[in-house]
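Labels run A, B, C and D following the written order; every chain starts at residue 1.
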Amino acid sequence: MLRMRAHALAAVTLAGMTAPALAQDAKGSLTVAFAAEGTVLDPAKYSAGVDHYFIGQMYEQLVRPGLNLEPTNWLAESWKVTDPETKPVLEVALRKGVTFHNGDPLTSEDFEFAYQRLRDPKVSRWSHLQANVERFEIVDDHTFRIHFKEPDGDYIAQWLQLWAVPKKYFERVGEEGFTKAPVGTGPWKYVSRSVKEELKLEAYDGYWNKQHRPKVKNLTIKIIPEDLTRVAAFKTGAVDWIDGVPPSMVEEFKTLPGVKTLSVVSGNNLYIDFPSYKPDSPFNKVKVRQAVAHAVDMDAIIKTVLFGQGERYAEVGKGATGYDPDLKPYPYDVRKARELLREAGYPSGFETPCYNLTTPREPNVKEMGEAVFAYLGAVGIRCRVQGLEYGAWINLGRRGRSGPPEMDGVLSWMWSQNLPGDPATPWGGHLHSFVAGKGWGSYSYTADEKADAMVEQLKSTMVPEKRVALIKEIARYKRDNVLGGWTTYRPVITLAWRDKVEFTPWAYPGYWRGFQEIGLKQ
Amino acid sequence: MVGFVGKRVLHGLVSIVGASILIFVISRLSGDPIVLMLPVEAPPHVIEAMRRNLGLDLPLWRQYLIFAGHALTGDFGMSYRWQTPALDLVLDRLPATIELAVAGLVFSVCLAVPLGVLSAVHRGSWIDTVGKGFAMLGQAMPGFWVGLLLILVFSIRLNWLPAFGHGGISHLIMPAIALGWYPVAAQTRIVRSAMLDVLESDYIRMGRALGAPERVLVWKYAFRNAAVPLVTMLGVYFASMLGGAFVIEVIFAWPGLGRTVVEAVFSRDFPVVQAGVLFTSILFVTCNLLVDLSYGLIDPRIRRDG
Amino acid sequence: MAEGAFAQAQPAGPPVAQSRPRFGRVRRLFRNGLPIGPLLLFGMVVIAGLSGDGLAPHDPGALNLGAAFRPPAWLAGGSAAHLFGTDNLGRDIFSRVIVGANIALVVAAYAIVLSGTVGALVGMVAGFFGGAVDALVMRLVDIQMSIPSLALALVLAAVLNPGLSTVVIVITITYWTWYARIIRGEILSLKERDYVALARVAGVSTPVIFARHLLPNILNTLLVLATLQIGQVIIFEASLSFLGLGIQSPDVSWGLMLADARNYIQNAWWAITIPGVAIALTCLSANLIGDWLRDTIDPKRRQL
Amino acid sequence: MVPTATERPGGAELVPAQPLLKIENLRTHLHLARGIVRAVDGVDLAVAQGETLGVVGESGSGKTMTSLSILRLLPKPMGRIAEGSITLDGTDLVRLSEEEMARSWRGRKISMISQDPLTSLNPVFSVGDQVGAPLRYHGLARSRRSLRETAVGLLRRVRIPSPEKRLDDYPHQFSGGMRQRVACAMAIACAPRLLIADEPTSNLDVTIQVQMMELFRELQAETGLGIILITHDLGVAAGICHRIAVMYAGRVVESGDVRDIYRRPAHPYTQALLAAIPHLGGGRRKRLQAIPGMPPSLIDPPTGCRFAPRCPHRMPRCADYPPSFQVGPTHKAACWLAEAGA
């Protein structure tokens, strides 16, 4: 039974984790502002990353990335996977002494209950993630096993999927009651919520993690989508912490007296895709795709259009599983790009539709798209630009659907690899070729047998070392042949808070907006 | 009186039902919501299951009948995005929009009435031109632009007013200005020309002949007559306030129904779009009815033969 | 028996064209002269619009990342090359304002012509024939009027995949009721006039009655309505573009420029002020011309 | 009680016992775009206490403009009193400031009843409120309750049936006649010295007209009120006026006791007016004579007698401006024909 070497560190209980630091009761209150709002407060009903902003404050998972993104046991005291290559069994030993906000102790039944709800498509939108799980076995109050039908690398990559939800409390108050008064094990207890306006939380005194816990009593999260208004709220002192400092104001915020800022990668990966699977399309030729990779000065775009709020990456971002520092993105070289186009048989370039997302899902994504298309035009790939708002953009990108005509040109797209990041699922969606009905390549414009084989193998690789090696191999192959699109940048978000606020940033859950450790200087 | 009310209520109901059908059909055509709800990597069978689950695979007319049936019992379906009953979402947000629309209307009337009266009393003088100019300016500037400039000046630079959120009066000032300035020109014009007529009337000259001070004549006896035509139009202006609120709420982070519907349209959240627009039109129809009934209060002649 | 100044018998609901003998006299006393200023201003917008990007010194779409956020020429750091400065992507604002005028006029022209014709036709039919037709049309108008215009526009724009043609269609669908309601009122009052009744008695066919008697009067009102609508259409398009459902880049519209510039209000206040001023001046001049037209041609229409 | 007229030696105008109102050489001009209209061009009138003076003439003869001059309610900014004096109880109203005129004269000492009862009452205020208003304007109202009582008293005085119940009704709930009575109540609310009635009955049918005249007579008898009755209807004037002044083109062409004017009209215009009144009975079927031609433009009025162009007895002398000749103790006429009888 091969112990998880990479996670050996995780198996050891972290030093000092359980040492009972003297937790004096937190006092005072703090108001923060988010640009976007989590929709649901029930982890099983989670639909997109933004939901983490709220769920991440009140609920917890078995494992999570630590302060420098290394896997850290959280609600799990220890866990191991046996027979990872044949019939894997995940055994988890729960941490003792953990209680829910209403005082109920955390037991294996709670996780079985969470598992049952995550499997049910009527409740969860991620039921397909439990597809490979055969059964859930409760060994005792603090130990349970998950038996897999076949190896499932993704299950491990996404922090063992399960969120702690109080079974007895849920069954007593029912779904309706639970959404009105949610209970979890997290550092923050639910107080009240007004959709589109604010979420009020209170520090949970009985929180199990004495070392990493909030140092302020009341927290109010305001929702202010309009950048200008959010900045005004911060400057006028109405709020003490904001996320999403507009890129154009980051320099100014860095110089503001009494204000601290933090610029971190948001976990989303942006790229430009093109129909390389279509034989009659110019993008079927690798030289044309390489020409695209050379044609755009992404560094200049990041500096001016994004005000430095972006980080170049080649296939896998820094800190993500399988990051290969030796794999460099294509350099900006207009002469090389034109030469490649000539060799590919397009001496005077060609016309193509270019689809740009106009809704700011990431800051300045529209302006970035316009800039990229302008650079392509400079080397001869002349764009007929069409702007699409989010709903239309998603509908256009999807493969194998009825409705608007198939995407037939250059498309500005994005696919989050989460934090710290694991490319397996995204590659399954846009590197693997599109296979109707199988769930592979739902947004893919690539058809390459070798890439397909490697991605399918990655799906079933649970052994961390093998997983990292395979990711590096796929990344190199993907980069050299510019498959699954050309990777441009990973957006960087900037948070800002006043000196009086003590804030230690945790990446996940909440994509840096988790207030695991926040307080007021005494 | 009853016949008149009955007919109006019937018309209102027809409008509301018609509006619900119109919005139901149009929103259904605005693309597939399932793809926006499920994660990008959800497999096709999960998508099909969700579509069946939500009944989106049924023919359009059957979907409407189901929707209408449920709506009558108060069930407007679950919001695709918020996964809470759409009705709760809408009813939570409706008061904020009403508050903003009323504030906008109050601002515009409080501006249009004095402007209209003064420019009528001092016809041709500089007050007349300045008044009209100020009112015309409002009609020439998009509300959202006014909002942005107000935030820039009063919130960021001068830090007098909170730039966002919902709370006391201070939160209402800028949104009300941004929303209310637009119809001021039209309202001023109505009050001004009504006032011009009234000031030349016999009963005003009679009042003057009896020694009434000019102030009493203008602001008591003349004004109430001039207010009648404006009141008749209040219903229409309240509707334009509701319409305008959509953009203003987005800028001022105002937790109103407008912003909810705007976001629901972008995320193809049909239940919320339907419930939101339906309640806005119910609001509009009721307030029109109230304005019609309120004629009697202002204009006694209506009471007798109304 | 001298007739009373005006009998204030208020019909239920907003008064349809209520004639006021005394009123006409007051207005004519104050018929203002030709609005020179607005005509000049609007003329400039039309010239800029018709010239497409002929007058524009730079290519409005050309990015120049190095020259982002250049202030207007008259400010420190500004250059004559960019009269109104540049925006966040280094594009010349002056050229974009000129091309924006083109889009504004195109949208206004198409939208007004379409909504005007549709609205006028429906209004005339409803007014002239009355009865069931009139009731049906009025219910349709009521239904659409009970949905705030922007909400309807939003849903429509999401259906039709935003762009210039969508903006025109959305505005037409929103504004035809405005024309229909007013033209119907006009027809109702004209129908009562004796010469129409006489023509009908004399066996004149309906289309001829329409053409000779009703149309000329309607044209007056339509002209006034159209000029008054220019301002509203431009603002409506700007609001749609601001929400992201109006004109899409690479097309240039003033509303879109405002939407793009709103995040840079700190670094480039001119980027958000100048397009706004362009909208304001165009709408102001259009409204003033509309008012002047209404005062001279058709004083009774004061309620518009 | 008909006031006795005493002879005033040499005075062109026989002045009644105690002159309430005296208008001397009044000229009121309207400055319009197309020129200066000399609406009132040298008018002399007088009204005694308790006397009713009828001012008769076609429309545009200046009678309404004269009444507006008395009240200083000329249309702003065109109307202006160019010359002359209007003396009431010894005070020349022309010299008074606007505020003073409003505070202590209009509605207090002089008040007016206008022509059309339908529009002379404010449609959106109750009758009680409007009748009480003059008392409020002039500070005669002590408390709300006493104001209501006074208003009820006033309405009773003008013969409005069950006034207590009707106080809170609105004008549209009253008939034309009733409304004119309410207007009358408003006019006499502060016990004025002079009442100017501008065509008070022309919009009423005959039976109501008679009642109104009866009301005026009663009020006059009770309070010694001076009344100026402006009308184009000689029949109505005959019924109530003690003295008549006939105006034509901004001038008083003839004035005198009602008996003198009706029996011995000295001025051709007055004769023509009288000939235009249909007589009941009177045997001979006389065709009503219309007066040919139109009143002259008042912007540049013809020199000499202004009635000359339409006068059947036109003489070369008429080219000169005829002064007022004394044709009887209280009877004057501005016509060369009358010179013989002076």
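As a working rule, contacts are C-beta pairs under 8 Å (C-beta built on N, C-alpha and C of every residue); 3 or more make two chains touch, one makes a residue touch a chain.
Here the structure is a predicted model, which means the values were calculated and not measured.
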Between A-C and B-C, the pair with more C-beta contacts: B-C
Chain nearest the overall C-alpha centroid of the shown protein atoms: B
Chain at maximum distance from subunit C, centres defined as averaged CA atoms: D
Subunit B-subunit C separation of Cα centroids, rounded to whole Å: 20
Where subunit C and subunit D are represented by their mean Cα positions, the distance between them in whole Å: 55
CA centroid of subunit A to CA centroid of subunit C, Å: 46
Subunit A and subunit D: spacing of chain centres that average the CA atoms, whole Å: 93
Junction residues of subunit B, two or more chains touched: 30-31, 148, 152, 156, 201-202, 225, 228, 250, 266, 268, 299, 301
Residues within subunit C bordering two or more other chains: 5, 8, 158, 244, 262, 265-266
Interface hub residues of subunit A, defined as touching at least two other chains: 228, 231, 359, 389, 391-392
For the subunit C and subunit B complex, residues of the former touching the latter: 5-6, 8-10, 12-15, 20, 22-23, 26, 30, 139-140, 142-152, 154-156, 158-159, 231, 235, 238-239, 242-244, 255, 258, 262, 265-266, 269, 272-273, 276, 279-284, 287-288, 302-304
In the complex with subunit A, residue positions of subunit C that touch it: 61-63, 65-66, 68, 88-90, 158, 161-163, 244-245, 248-250, 260, 262-267
Complex interface listing, subunit B residues touching subunit A: 30-32, 35-46, 49-50, 53, 81-84, 89, 92-93, 148, 151-152, 155-156, 159, 162-166, 250-253, 255, 259-260, 266-268
For the subunit B and subunit C complex, residues of the former touching the latter: 4, 11, 14-16, 18-19, 22-23, 26-27, 29-31, 123-124, 136-137, 139-145, 148-149, 152, 156, 182, 185-186, 189-190, 193, 196-197, 200-202, 225, 228-229, 232-233, 236, 239-240, 242-247, 250, 258, 261-262, 265-266, 268, 273, 276-277, 280-281, 284-285, 292, 295, 299, 301-302, 306
Residues of subunit A defined as touching subunit C within the complex: 227-228, 231, 246-249, 252, 300-301, 304-305, 356, 358-359, 364, 366-367, 370-371, 374, 385-389, 391-392, 404
